[in-house]
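Per-chain numbering from 1; labels A, B and C assigned in written order.
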Amino acid sequence: MNELVFFVNNVVIAGSVTGAIYAIGAIGVTLIFSIMRFAHFAHADMMTFGAFMVLVLTTAFPGIGMGIGVPTAIVMLPIAMLLTALLAVGIDKTFYKPLRAHGVKPIVMVIASLGVTLILQGLIRLFAGTGGQGLYVDDRKAIFRMLPFEDVRVPIVITEPQVYLFGITLLAVIALHLFLSRSRLGKAMRAMSDNPELAQASGINTNTIVAVTWVIAGGLAAIAGTLLSLDVTFKPDLSFFLLLPIFAAAIVGGVGHPYGAVAGGFVVGFAETLAVFNWAVLLRPFRDSLPTWLELPSNLAFVGTEYKIVVPFFILVAILVWRPTGIFKGKVI
Amino acid sequence: MPLIEARDVYGGYGGMNILNGVDMSLEADEVGVIVGPNGAGKSTLLKAVFGLLHVNQGDILLHGKPIQNLPPHQLVERGMGFVPQEKNVFPSLTVQENLEMGAFLKPQNVKRMLGQVYEFFPPLQEKRHQPAGELSGGQRQMVAMGRALMAEPSLLLLDEPTAGLSPLYMNEIFDRVKHINAAGVGILMVEQNAKQALAIADKGFVLAAGQNRFTDTGAALLADPDVAKSFLGG
Amino acid sequence: MADSNYTPQDATPRASRLPLREICLFGALLITIVGVYAAMGAAYSTRMLVEAACYAVLALGLTIQWGYAGQFNAGVMGFVALGGVSAMLFSVPVNDAFWNSELPAELGKVLLYAIGATLLVVAATKLTRLGVPKRVRTVFAVLLAIVLYMVVISLLRDVTADIESQADFVGGLGLPPWLGWIFGGALAGVVGYFIGHVCLGLRSDYLAIATLGIAEIIKAFLKNSDWLTRGTATVSPLPWPTPGPAELGFTLSRAIYLSLTAVIIAGIFFLLHQAYHAPWGRMIRAIRDNEISSAAMGKDINKRRLEIFVLGCILMGIGGGMLASFNSLFDPNGYLPLNHTFLVLVMVILGGPGNNLGTIFGAVAVYIIWIMSEPLALYLMDLAVAFGAFAFDWQAPANIDSRALQARVLVIGVLVTLVLRFAPKGLLPERVRHHD
């Protein structure tokens, strides 16, 4: 049973945590792709920016959360979301809109977004330095230990930021669903993703939709970056390791498909944790009943943790080979 | 004052003119039909009216006010509706959501106009929660026209509404066009099925090589042996 | 894309047009180089020029992918690293501690197991021919692949751990470096083939994502395979194909290395020039400029695209080998997206994508700026700190130097943005002649 708890801690919880972060990131990428038709490489850096804003605000007002019993970083999250949304709209106005107006190919937009990546990274590193910093400035990170089974010594461990992560992810997905299916702007967004020319011919102001898309993508990016930094630490170079899994998640779910992106995020997140999980642990209880000629190696992980990045890449290539439209059939390729 | 008027319009893509001095004029409540051989500039004229391509010379007037080269969403605000020939629905949106998009600029109208559109196109009401991409070609055409009507246009532009439809649906669509017109909406459409289209037309414009060849009432054009010989297949 | 930069003087025959722009730009470049020589000394400046020349090879690789064919490779770093590791493995002396032990045989055995396992899995996928239902076959093949993979990877982990503990690493082959460069090019080409094969039929964004990923994977592999590359312990010195500084002194030996790289660039330049004007080059450009109509003309678009992508990757591999040999150091951690992907990208788009001469100009010019920006950034930062301390009594953070270097990330980002916006065709645009 100890082994099972170990599995729950290292795969079920860890996979859900990674999956949720990838999912929120992938929603943003997929929305931007469906409205503006390019892969936005600066997305992970918008996540870092959001987390950085929370860090700055939390450092400036460390005591605020104490009064209401919530970590200060969570209190600051809405402000950081707003700031990141503003940044996203600003980036679009300064960097992407002029190129769009020129009617450049989507790949030029991709390169432009790489330029934005570098600018954001440079700025964040300039102000934040290169080391890691915790987002828990004055608060204590609560850790919940559960012992659900009798005579099991190892507890199931879940931390406070992880609980917030699951809660906020759920909230964000529900809110997005309601926005896309109920609100006038949300429907117009889907319409524009379906058929931009017809959307324009219907009188939908495409500039508004583009701005709304950036606001949502920026807000979600701030959530993902903050929750990730809460769970581990804030680092200015978080982004490069997030980019590939997030794109893989968006493509697995079908590009332009927000619900697919959520599913894709969890697929990639669980695939990563399953791949680095040492399966020998689960087989250990059966060691005595195994035939003697079969000597179990101590390490039965598919890939070492240092090769984690292989997993999203493998998934990406596999999906591109077998089903480039993604598991839920994305609309645009 | 005519509802829509084109005066000596030159226009096309990338500096090349496809329209070489076209005149066109339509009163409110009239049905105008543009016919002509392939490459005559029929759809081009329609797109020029709706601001989808650049007018290099000449005027296009809506209610007597020049509108050439205005962006489409401003034209929608001024009472124009456009139904493209292809890709004229939002496939992943439901029928009702498609229609709502038509009234994007006038959200207060949605309820009232939905009722009216469902009256024009009864089949759409029962399919209103189905994604438009799953509908048949004829029903999709209805969704497209319904979407354009949602903004309560005074002028509806239809680009080959019956292209690719079975004869049964074709008649249905022409029938609907007459109904819509009877409700007070001016209609300007491009049609390949010239005979049937001219039969319901108040005005017909026969284009060739980007210029007017014949302009008359629909009935007169149908009766004209020259038109019949050159453009209606005898 | 090509139509929009069609201007009358492009159409005039080349003979009657004095390449004024080229002369001015290269003249300015020459003056700058002379200035650097005067300011920084010959040894330093020659080293800078050799590195710039190696980067020019990388930039030529990227210019044929991006400029000729519109393919955006966001993982130049990976191919450069492949060239580097190959140069290292070919040129470093033979490690007797490894070869005189059981370990090569063990490693060979694992390799054979790996081949055997691959064959078994491939055979399992063919089971349908024996009448096994497709679904059963797929499940069986996947399970078999997982089990065999686990077996092979466990064996490999054992062997590599033994190599690390007994022999440090596998060592090199003690062959001339240029063999390693060629092999590095081939290696990069093979990896490029697989990536291109998967991605080139799809939207160009996917290629960018996939190359970005493969570059990180190659780096992770090289960094963590201590048995092959000594990982973070780094390998040095790497021998030069030309007489080293120990024999001739820094300036002269570097100058000889520089002439070798110049010869290689001249060779590549000549071959590319020929290919560009050959029917093959015209076809490539036709595909880039109008995919649909060239497809209608019956051209095998994906095959041509694959050819050009692989060719670009080969050049990057060769350039990576040249760079590693010159630095006389193989350090997997030294491969950074900023230095080895984005810097090359800036060189290409600033110089002129699709214009080989422009690309070489861009490579040398940007590299000089890059190298000079380091002392310049530190100087400016110091100035700012001094001013801050003077005016606001401000205590500068301790790691101000490392932060100043981060500013170069910013500079490259701003450069990419400005060039895309204001000179998307580069300083020396590709000359499109419509009469060919």
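Observations on the structure shown:
As a working rule, contacts are C-beta pairs under 8 Å (C-beta built on N, C-alpha and C of every residue); 3 or more make two chains touch, one makes a residue touch a chain.
All of these numbers come straight from a predicted model, not from anything done at the bench.
With centres taken as mean C-alpha coordinates, the chain found closest to the middle of all protein C-alpha atoms is A. The most distant chain from chain A, with centres taken as the mean of CA atoms, is B. A comparison of the A-C and A-B interfaces places the larger number of contacting C-beta pairs at A-C. Averaging Cα coordinates per chain places chain B and chain C 55 Å apart.
Rounded to whole angstrom, the centroid-to-centroid distance between chain A and chain C, based on C-alpha atoms, equals 29 Å.
Inter-chain centre distance (chain A to chain B, centres taken as mean C-alpha positions): 46 Å. Residues of chain C in contact with two or more other chains: none. Listed in rising order, the residues of chain C touching chain A in the complex are 1, 70, 72, 74, 149-150, 153-154, 157-158, 198-199, 202-206, 208-210, 212-214, 216-217, 220-221, 223-224, 337-338, 342, 345, 349, 397, 399, 402-403, 406-417, 420-421, 424.
Chain B makes touch with chain A in their complex at residues 50, 52, 71-73, 76-77, 82, 84, 87-93, 97-98, 100-102, 104-105, 107, 147-148, 151. Within the complex, the chain A residues that touch chain C are 38-39, 41, 95, 98-99, 104-108, 110-112, 114-123, 125-126, 129-130, 240-241, 243-244, 247, 251, 297, 299-300, 302, 304, 306-307, 309-310, 312-313, 316-317, 320-321, 324, 333. Of all the residues in chain A, the ones that touch chain B in their complex are 184, 187-188, 190-191, 193-195, 197-205, 331.
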